[in-house]
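Look at the two complexes coming up: subunit A is in both, with subunit B in one and subunit C in the other.
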Partner chain A sequence: MRRAWRGAPASAAWWFLAPFLALFATFTVYPLAYSVYLALRQSVGPGVDVYVGGDNFARLLRDEVFWESLGRTAYFAAGSILGQLPLALGLALLVNQRRLRLRGLWRTMLFLPVLVGAAFIAVGFRLVFGVQDGVLNQLLGRLGVPALDWLRDPDVVLNTLVLTGVWMFTGFNMVYFLAGLQGIPQELYEAAAIDGAGAWQRFCAVTLPGIWPIAAFLITASTIGSFGLFDLPWVLTDRGGPGRASTTVMVYLYERGFLAGDIGYAAAMGWLVTLVLLVIALVQLRVTRARAD
Partner chain B sequence: MRVSCLMTYGLLILAGGLSLGPLVWMLSGSFKTQAELMQPGLGRLIPAEPTTANYARLFAQVPFLTYLVNTAFVASAAALLTTLVSALGGYALAKYRFRGRAAVSTLVLGTMLLPGVVLLAPLLRVTLALGLIDSFWGLVLPGAASGFGVLIMRQYLAAVPDALLDSGRLDGAGEGRIFWSIVLPLVRPIVSALLIFTFLGAWNAYLWPMIVLRDEANYTLTVAVTNVVAALHQQEYGVALGGTLVSIAPIIVLFLALQREFIAGLTLGAVKQ
Partner chain C sequence: MLRRLLDWADEFPPGRVPLLLLLVALATGTVIAVRQVRSGPPRLTVWTFVHLAAEEFQQRLAREPAARDVEVRNLGSAMFDRLALAVMTRTELPNLVEIEQSVIGRYLRGPPEHIPLVDLTDRLEREGWLERCVPARFARYAVAGRIFGIPHDVHPMVLVYRPDVLAELGCRPEELETWDDWCAAARRFYRPGALGTRSWRRGMPLSTVEGYTYLALLWQRGGDMFDAAGEVTLDSPLAVDTLERYLAMLGGDPPAAGPALSSLIEDFAALSRGQFLGLLAADWMLAVMQRDGRALLEGRVRIMPLPAWERGGRRTSTIGGTALCIPRDAGSPDRAWEIAKRLYFDRRSLVERFRTQSIVPPLRASWTDPVFDEPAPFFQGQRIGRVLTQLADQVPPVHGSPYLAEGYKLLDAVFADVTAGRVTPRAALAGVADELRARMARDRAAVARARAGRAP
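Right, the complex of A and B next:
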């Protein structure tokens, strides 16, 4: 029987939501609550833990290895932003030129590394950065640059990770910038040209303000992504080595929580890192907003 | 003008070369003998004595085909399940007015701001308790309720006109039928973008599979390439390169076939800007 339409039945909404809610409760909401519980407990044996109050956090605050790992993570984040974004913007400007031929080809070539998982890249790049005469040192040698021990010199390894990140993500950032550039109305450039603005002035007055929201988004996204950095230091520089020279917070969290079994400590670390990240994100938001006004 | 034109192409060729160079070098290396790989110097682009021995060893000494199949299964299951769950949930939030709608949206948005670091430790306990350790479902289910996916789908589905749904209802179609036959086909681009985004993420995931998978026969490619292949062939670089390339190749082929969808899928994050 066909009944008269009485609007969207609300009960159907819950049926549509049910699979999501069931999975979301099990694998996000419950673990989040459980994570608070765990952060207040300490493992005393396999699968046995006791309530210790804020002890994990007190230990964390005194844990030099943790703060050093956090510092390295911040270094990687800053290096990634400074290394990738200007390069990505430059490439986007090149690819966005109106009379450019083979635009699709250039975009594809530059975008391709994004597809390759960090773990795969790490295995391949171990050979690129190589031992003594890896390909990269050979190439740099021809340009007169002295060889570096990319994977085993404690003063170099973090830069090796930043460089690998630049290779992986510059094309990805470029595609975002391209979308931003294409959103800038052509009339703005024409108006600026009529006002007698040169290329550099047009860049500062039209292009930069136009892509600033995208840049702000990419800065925040790169920062959050950097704090999850694990695959590269674990595989490329061999478990955060040499020594602890490339141990990021994620590597340290994995070591303490999953290899040493101190899962309460790892949970506490997760929360502290979240707090730090939140503060950084808020500061970034302040700065980028102020810049936009 | 000519100079600047030359410079444009010069810079693009340089950047493109740096971008593809490492992949090409790995491809060439995987067809070289160990002796040739060990020679100092840059080596040749085309191997002196091209050999497929590395690939033969890869499939003979390691169950590499199993790893490929495992990964294809996990990535496909994750993509299909996550996209379906997200589309259903996003549809409910976009097109129905019900009590609790705002609460659900706020909860989802709130958890999205938290980085994954926080979830890692408790998620292991939950996965253990549900008996999902060392199972493919332990890889697929935890990510299937994606707050990001639901919010993206909600945003796209909100643009579907209500009148279309109402006319479906007038014709006597059930709510499920309306979703499946009228709504989903209309938002095919975002569906394929989310499918690709999730597929790629699951194919390349490393840390969680490393934690969840115990039995070597269950390994996905990332875990296999970094552990088994690297350990067995510490001194056989060609085999490691071959393993890496076989792992990357399916993704690159897919990308070349579906470029537009890939770029849309990987830049989903910008949609909310």
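Right, the complex of A and C next:
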């Protein structure tokens, strides 16, 4: 018995790694490999499954609905990044002020939307976005702006999702920026002030470079998160409606895989989206590195 | 002995404490596993996605000592994905499951021998349930003439209207026998105005972005998306003509209908303000109205049969539906069938279902219960149960198809373009039908290849 233990120290690392590796292989490697297998097959109901080679990918490249869904998802991602991140930074700067009263309360309140489930958001925001009696249209009406059909006008609904996304995730991004702001040494601000830098110059020369790594991370994370957008259009706009006006790529993937039962096609879609995300992430990485340099 | 054990533990590379934790984890894991094996799973499980249904089933089964081992689980909307995975992996399958009509198609795809649900046709015929129920309601859950689900409901549609507003127009509901009659009244009722204001008035809301109200009117007229043989009929002359007439209701001068608002509650509010003359509602929507629109509409509305497309024609249609199915690989199909009959054909439960959910059951014998003659104060004392049951046998058959969910989605995808005039009804319906036929052809080819046992 002792020999067995004594022989082990060289492989002690494997003992520590073994549980993780077992779980990783079971829940990550195997499903990934299986999804590659599925992407090369066509299923018809639960009982028929035939090898189709690259046919699913070829069909996907010709599938207008897929590309349109991808375009909508990219629009949401761009809208989210442009809407959420500046707002999150602004809020972080605000709640980072030492003079601000009830700072903890403000931070908590701004973070709270992250904790609300999509189903509750759907119910709540239907009251906000209703065309006839919605709170937003009532407010706009008082300003003389004609009512918009936020949830049923195909030309508007994607912006409704962006707005809701901004409400949901700005507080989350704010927390990251807040951490970044608190990591910037105070001496840098003091030195800049001694050099005669004004508030705007201090922001550009000290704050922005200080939080740039966090901003880069948030841009990438928001992009990836946006491409995984599913629950919001599913519950708020009735499964990506009206028509397909808010169908994101994940909603379309679910529709083909789980409603139509075309699991192989859905798997192929998943891999193509992964590829697109990889390219976007690489481009972002290059741009942010160049900016950092 | 203890000394030797501790020495041995000290030799464990990560140390004595991790070894202790490992042993504790192993011991507790073993205890849990043994307890699970000993207690065993319940002998029969029933899955539903509606909490009211779960309560109804639990109450029904509680009355029966022989059904004490039946477990009813409400899994909410997550049930559909769990069921799909269970069918795919053939693990943790329920013995009975309620499936909504728009998603059952995924289980009816492929050759009949691979359909993962028990074929109930012979049992239903042998025991006479087909005659005792509304036969049209089995069509949704049938493929190639075989039935795979017991219908939960009939869901007859009616028109909910404001009698005082109708009287102001000088109309009586019995005079509105056809859609032409209704549209004439609705056009007199019309007032212009933008959405968001209180000035506009429209006959009733019709969806301009989804196909469900159009389909309800098509079913009323005898058309359908698929025929009994499962072939696509959405581009039939009847379907095209119905869509053209639907657009004429929305776009006439003046229009007889307006766009549906953002939610049912907004539609209810507009009805309560006298901005809609009426609205289409299936039986279950009357319960929703009584629950969510109580403050707005209680004692102010009544129901009437739908106007027919032609004089003497069908006065109702339908929206929605659910079936109870028996997954084939779950085992104990005979016992599941016996429990299914208790849950879906028990008169007392069906009466309670109507009382709590306004849902008309398909079993005709239950309609004689006094509950269907009770006056409903919400509807000015009208006996809505009797109105609904008198229409129930007229409910049109809606043919099921493995491609139904895709058909709905494809129709929805073009519907806004049709109502906006960007595409003609004929072209839109032909596009949907062609896409469905292409998917069906692709699947048939795959089935043929699978049977031949070769790759392309």
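Throughout what follows, the second predicted complex is superposed on the first by the 264 of 293 C-alpha atoms of A that agree within 3 Å, B and C clash if a C-alpha of one lies under 4 Å from a C-alpha of the other, contacts with A are read in each partner's own complex, and residues count from 1 in each chain.
Quick note on the criterion: a residue touches a chain if its C-beta (ideal position, glycine included) is under 8 Å from a C-beta of that chain, and two chains touch if they have at least 3 such contacts.
Please read all numbers here as calculations on a predicted model, not as lab measurements.
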Touched partner set for A:95, first subunit B, second subunit C, both or neither: first
Contacts of A:67 with subunit B and subunit C, given as first, second, both or neither: neither
First, second, both or neither for A:245, with subunit B first and subunit C second: second
Contacts of A:16 with subunit B and subunit C, given as first, second, both or neither: both
Which superposed partner A:149 touches (first subunit B, second subunit C, both, neither): second
Which superposed partner A:52 touches (first subunit B, second subunit C, both, neither): second
Which superposed partner A:258 touches (first subunit B, second subunit C, both, neither): both
Which superposed partner A:134 touches (first subunit B, second subunit C, both, neither): second
Partner with the higher number of touched subunit A residues, subunit C or subunit B: B
Partner chain(s) touched by A:120 [first = subunit B, second = subunit C, both, neither]: first
Overlapping contact positions on subunit A, where the subunit C interface meets the subunit B interface: 2, 5, 8-9, 12, 15-16, 133, 258, 263
Interface residues, subunit C side, partner subunit A - complex: 7-8, 11-14, 80-81, 84, 87-88, 103, 106-111, 113-116, 194-197, 208-210, 259-263, 266, 269-270, 402-403, 405-406, 409, 412-417, 439, 442-443, 446-447, 449-450, 455-456
Touching residues on subunit B, where the partner in the complex is subunit A: 8, 11-12, 15-16, 18-20, 22-23, 25-26, 29, 40-43, 84-86, 88-89, 91-93, 95-99, 101, 104, 107-108, 111, 113-126, 130, 141-145, 147, 150, 165-166, 169-170, 172, 175-176, 179, 200, 203-207, 211, 221-222, 225-226, 229-230, 237, 240-241, 243-244, 247-248, 251-252, 255-256, 259, 262-263, 266-267, 269-270, 273
Complex contact set, residues of subunit A against subunit B: 2, 5, 8-10, 12-17, 19-24, 26-32, 34-35, 38, 91, 94-95, 97, 100, 104, 106, 108-120, 122-125, 127-128, 133, 135, 138-139, 167, 170-172, 175-176, 179, 213-214, 217, 221, 224, 227-228, 230-231, 234-235, 249-250, 253-254, 257-258, 263-264, 266-267, 269-271, 273-274, 277-278
Complex contact set, residues of subunit A against subunit C: 1-2, 5-6, 8-9, 11-12, 15-16, 42, 44-53, 55, 65, 126, 129-134, 137, 141, 146-147, 149-152, 154, 238-239, 241-245, 255, 258-261, 263
